[in-house]
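Below are structures written as structure tokens.
Below are two complexes that have chain A in common, paired first with chain B and then with chain C.
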Partner chain A sequence: MEEKIISLDNLSFFVNDLIKDNHIVIGQDSKEINWKRITGAKDIVVNSKNIPSNISYKEFVFAKTEPIIYYKNKKDEFDIVEPALPRQKLVFLGAKPCDARSIEIMSKVFNWDYKDKFFNERAEGSIVIGVACNYQDKFCFCTSVGLSPVTEKGSDLFLVPLDEKNFALQIVTERGKEFIQPYQKYLSDGNQAKSKEILSKIKNPEKRFETSKVSEWLTNNFEHKIFDNVGDICVGCGQCAFACPVCHCFDIVDEECDYSSGRRMKNWDACQFGLFTLHGSGHNPRETQGKRYRQRIAHKFKYYQDKFDEVLCTGCGRCSRGCPVGIDIAEVVAEINSLA
Partner chain B sequence: MSGSNIYKPEMMEITDIVQETSDTKTFRLKFKNESTAKSFSFKAGQFGEYGVFGEGESTFCIASSPTRSEYIECSFKQIGKVTTALTRLRVGDSVGFRGPYGNYFPVEEMKGKNVVFIAGGIGLAPVRCVIWNTLDLRNDFKDVTIIYGARSFNDLVYKRELKEWKERKDIKTVVTVDPGGEVPDWDGEIGFVPAIVEKVAPKAENTVAIVCGPPIMIKFTIPVLQKLGFAEENIITTLENRMKCGLGKCGRCNVGNVYVCKDGPVFTYAQMKELPQEY
Partner chain C sequence: MNELRAKAKELLTNGTVKVVIGYIESTTPDRTKPFIARTAEDAEKLVFNKYCVNNLALYLTRKEFRRTGVVGIVAKGCDVKAIVQLIQENQVNKDDVYIIGMNCNGVVSELGQDFSAETIATKCLNCSVRTPLLYHTLLGTLEDLPKREDKNFVLMQKLDAMSAGERWDFWEDEFERCVKCYACRQACPLCYCERCIADKTVPRWIESSAHTRGNFSWNIIRAFHLAGRCIGCNECERACPAEIPLSLLNRKMGMVAKKEFDFVAGMGLDTPTLVGTYNLNDNEDFIK
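What follows is the complex of A and B.
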């Protein structure tokens, strides 16, 4: 893999150029630990020591809420107007390895048959500039789902902090190579030995479970008290799904409408809500929180794998850090692993 | 690359409305756009998303037969927000439509075989689609039996067609109501669907059974069919999970690793048995 060096100053110039060149740069600023559109290099912070943001950057490709059609009623004839989508390319700056693959993973469901253009037009051609992760707490478990704090998987370009003032910049994909081409002037020659040494010193979170074992256990243990035990604690707030970089369920509802005009929206939804699967008849296939929690676990560690050959989890630990009642997904899955 | 907006409905006009029961209506719908009308095709068992602007969308099967392609029909029970809004519409009003979605009944494979249709309540809607499909190609099939039941006489849908089917000599039609649900001059059966199936179902040999209705009816009918010797592959039913997108995206309709909206809604009992019990 080709490797260059970019200084912190040059990273700022690079980001300013990207903005000038009409890219939408999504990053984190120094005050907040959430993602936002960056308007100038003064805002940026690429910090490998940061805790993963509260919520992931998925909202920039899979919007929290967005119109899918507008309609107007003209003398009982409806005009349907399609919302315009942004044409600029998205650049995600400073994605940790537990964020970098999120678009790739979600892309499977948004494209397995019908193609969702609301996702695709933002995701296609987006560039992920990852950064090696030097943060770790008890909720992190990327190594259990096939990732690691130092993996470049999912990134087009990958930054490794060399010292206070310099990053190594690994050119991971062809797309990344093309993308960086116009900005060569900010790069100098790299020294792979040094970045390798730095990466080798980063400690891996302990591996908590084997995904193949977990998936097999889930196949054979649809009914098990472990789900009810967690379900008894879970308050069904849905935080876990909203914070997650790869949860992708949504609702379709009409909003702000009257007889003459309105809009139909696609809004984030969560399988932990009791209304999620409630039939009109009153029947609910997942009538208890335990059944809903089982869906969460089985979707992530079995169904998505069966269907799309991906674990629907990157081990970021966000859902656990944010859970108001202290449910730790890695703990639950590790328990399943010990049962298997 | 990304193509069209998969959530955008086509506009249809209501050309006819039948009040089936106190809370169930049938709409006949035609595409407003000529070229959509020409290119549209579907197969028996598929469904669509029917929308009322300002209220939302609801999932109903296409209840008319693909052999009659000038229109589609849907029958729906007034049960909530969208179905109440639909109930208020009149002939000439517009309805949004997305579809056809999902898989379909194996009509081609059923040719040359006997078919028994078993339906309960509004479950006759998807079955009616394949009944007419079969009757319009009557010579391609051997014996055809229809068994339909509802809670009471007033809950029977498609009453005109039930009469027509009963009068036909080339099919056997049995209609039943739950005990207590009959009216004074009721000339059909009285009893629950599974019991009637046991009484009048054809022999299992070379026969396919299509069963749709409330979960409780399906639950008690399948053992009866098995007792009669029907193989699990020859018992076909549909699942009706709550849906939003109908496109395998919104994550709402799954049973295990199966998206009911894409991999279903039609399943053989053999396939159903493989699924986790969560429907």
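What follows is the complex of A and C.
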């Protein structure tokens, strides 16, 4: 893998150039709440030591709310207008390995049967500039889902902090190589030995479970009481799904603009809501919170794996850190692992 | 802590209560989580400390507990205010709840923080119910609270001094982050409606989209629905993944209720609810 060096100052110039060249650069908010569009070098937060933001950056490829058609109701027919969908040149700057993989993982479901153009238009042109992760707390479990704090998986370019002022820049994909080509002037030659040494010093979070084992257990223990135990305290707030970098459920609703026209919106939704599976008849196949929690676990650690050979989880720990009632997903899955 | 465990064990063993809703240690020692103790063995796990932030009154309106019989609950003073309000609003039968009241020495504002003057929850700063107003058993002893400036109140005064336009801009900025997960509602002990107005679709009163209009209508309607009812536990603000300062809205409403109607929610079983009371002497000068 080709490796270069970029200094912190050059990184600012580089980002300024990107913005000038009509790239939309997305970076983590300094308050660690969410990600936002960077408007200048002053907004840059590339910090391998910071905590993952409360909310991931998925909203930039999978919008929290967006119109999918506009309609006008005429006497016997409808006029339908599709929203303009300009191709965006998104650049995610400073994505940790647990964020960097998110677009690839979601891409499987958004391109499995129906090709979701709203997702694809944004995702296909996007560039992920990852950064090795030096943060770790008890909620991190990336190693349990096949990632690690130092993996370049999911990134097109990957930064390794060498010292206070310099990053090693690894060129991971062809796309990354093409993308960085016009900005060579900001790069100098790198020394792979040094970044390797730094990466080798980063400690892995403890591996808590084996995904294949968990998946098999879930196949045979659909009615296990472990889910109801969590359901007892889960308040069904959906914070977990909304903060998650790979949860991708959405709801489609029509919104009236006036008596004869409106728009059809695609909005985030979550399987932890009672309304999520409520049928028009009044029947709800997942009527208790325990059943909803089971869906969350099984979708992440079994169904998605069965269907796409991919775990629907990056081990970032956002859902557990933010849960108002302290449900720790790694703890639940580790318990399943011990039962298996 | 031992007296709490002993008490819970006693209540569960002698059949006074069917379950005890309490706290157990979570992933790290500086975090706790709600727990439903059903046996004497379960009771051994219960804890009470400065990290017991949750308002457990939330669980009292759950259907599965309504059918259980008497429910024991570990409650701080502020949680008891919620219980009182729920009793007043006929959501909880006062004979179906056994309150293990805890003398409270403050809690942290967010899970995962060390307890200090910096991190003590805003609601604890001027707390008047450190010993709960209503309880069946009272445990724990009071110690001095750490003190700090009430930044939330300072911000509120700043907002009050703003013009309507400036205030709009402030809230537009804050609400922009809203993702419409409704965690605020789910974490609120007084948001117990079986069917929330936000979930009604025929007609749809509140747009579910997380755009400016949808976010304003949801957050403001929720604030109105809690006017004169919110007991200020700030669970909504704590649950919010987007860190929207919802307590500013609820606290302001509470202050208006106090100023205009001399009413504070959850302070006594003898005071009828504000919204449920018609009083000829009520101030009417806000109707224009």
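Following the convention adopted for this analysis, the second predicted complex is superposed on the first by the 328 of 340 C-alpha atoms of A that agree within 3 Å, B and C clash if a C-alpha of one lies under 4 Å from a C-alpha of the other, contacts with A are read in each partner's own complex, and residues count from 1 in each chain.
Operating definition for what follows: a residue touches a chain if its C-beta (ideal position, glycine included) is under 8 Å from a C-beta of that chain, and two chains touch if they have at least 3 such contacts.
For clarity, every value in this text was computed on a predicted model and none was experimentally measured.
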**OP:** Label the relationship between chain B and chain C on chain A in the superposed model as either fit or clash.
**Re:** fit
Original post:
After superposition on the shared chain, which partner residues are touched by A:K307: those of chain B (first), chain C (second), both, or neither?
Top reply: first
**OP:** For A:H279, select first, second, both or neither according to whether it touches chain B, chain C, the two together, or no partner.
**Re:** first
**OP:** Go through the superposed model and pick first if A:S320 touches only chain B, second if only chain C, both, or neither.
**Re:** second
**OP:** Quick one: classify A:D251 as touching chain B (first), chain C (second), both or neither.
**Re:** both
Original post:
Residues of chain A touched: more by chain B or chain C?
Top reply: B
**OP:** Based on the superposed arrangement, let me know which partner A:K117 touches: chain B (first), chain C (second), both, or neither?
**Re:** first
Subject >> Nearest-approach distance, in Å, of chain C Cα atoms to those of chain B in the combined model >> reply: 5
Original post:
Which chain A residues are contacted by chain C in one complex and by chain B in the other?
Top reply: 251, 253
Original post:
Which of the residues in chain B come into contact with chain A in the complex?
Top reply: 1-9, 11, 51, 53-57, 77, 79-80, 83, 92-94, 96, 214-215, 240-242, 244-245, 247-252, 254-257, 262, 276-279
Original post:
For chain A, which residues count as touching chain C in their complex?
Top reply: 31, 33-34, 54-55, 59, 64-65, 138-139, 232-233, 235-239, 241-243, 251, 253, 255, 265, 267-268, 270, 273, 275, 320-322, 324-328, 331
**OP:** Spell out the part of chain C that touches chain A in their complex, as residue ranges.
**Re:** 26-28, 31-36, 54, 58-59, 111-112, 177, 179-183, 185-187, 199, 201, 204, 207-211, 214, 235, 238-239, 241-243
**OP:** Provide the residue numbers of chain A that touch chain B in the complex, in ascending order.
**Re:** 68-69, 71, 73, 76-78, 80, 82, 109-110, 112-118, 120-121, 124, 222, 248-254, 257-259, 262, 264, 266, 269, 271, 276-281, 283, 285-286, 291, 295, 298-299, 302-303, 306-307
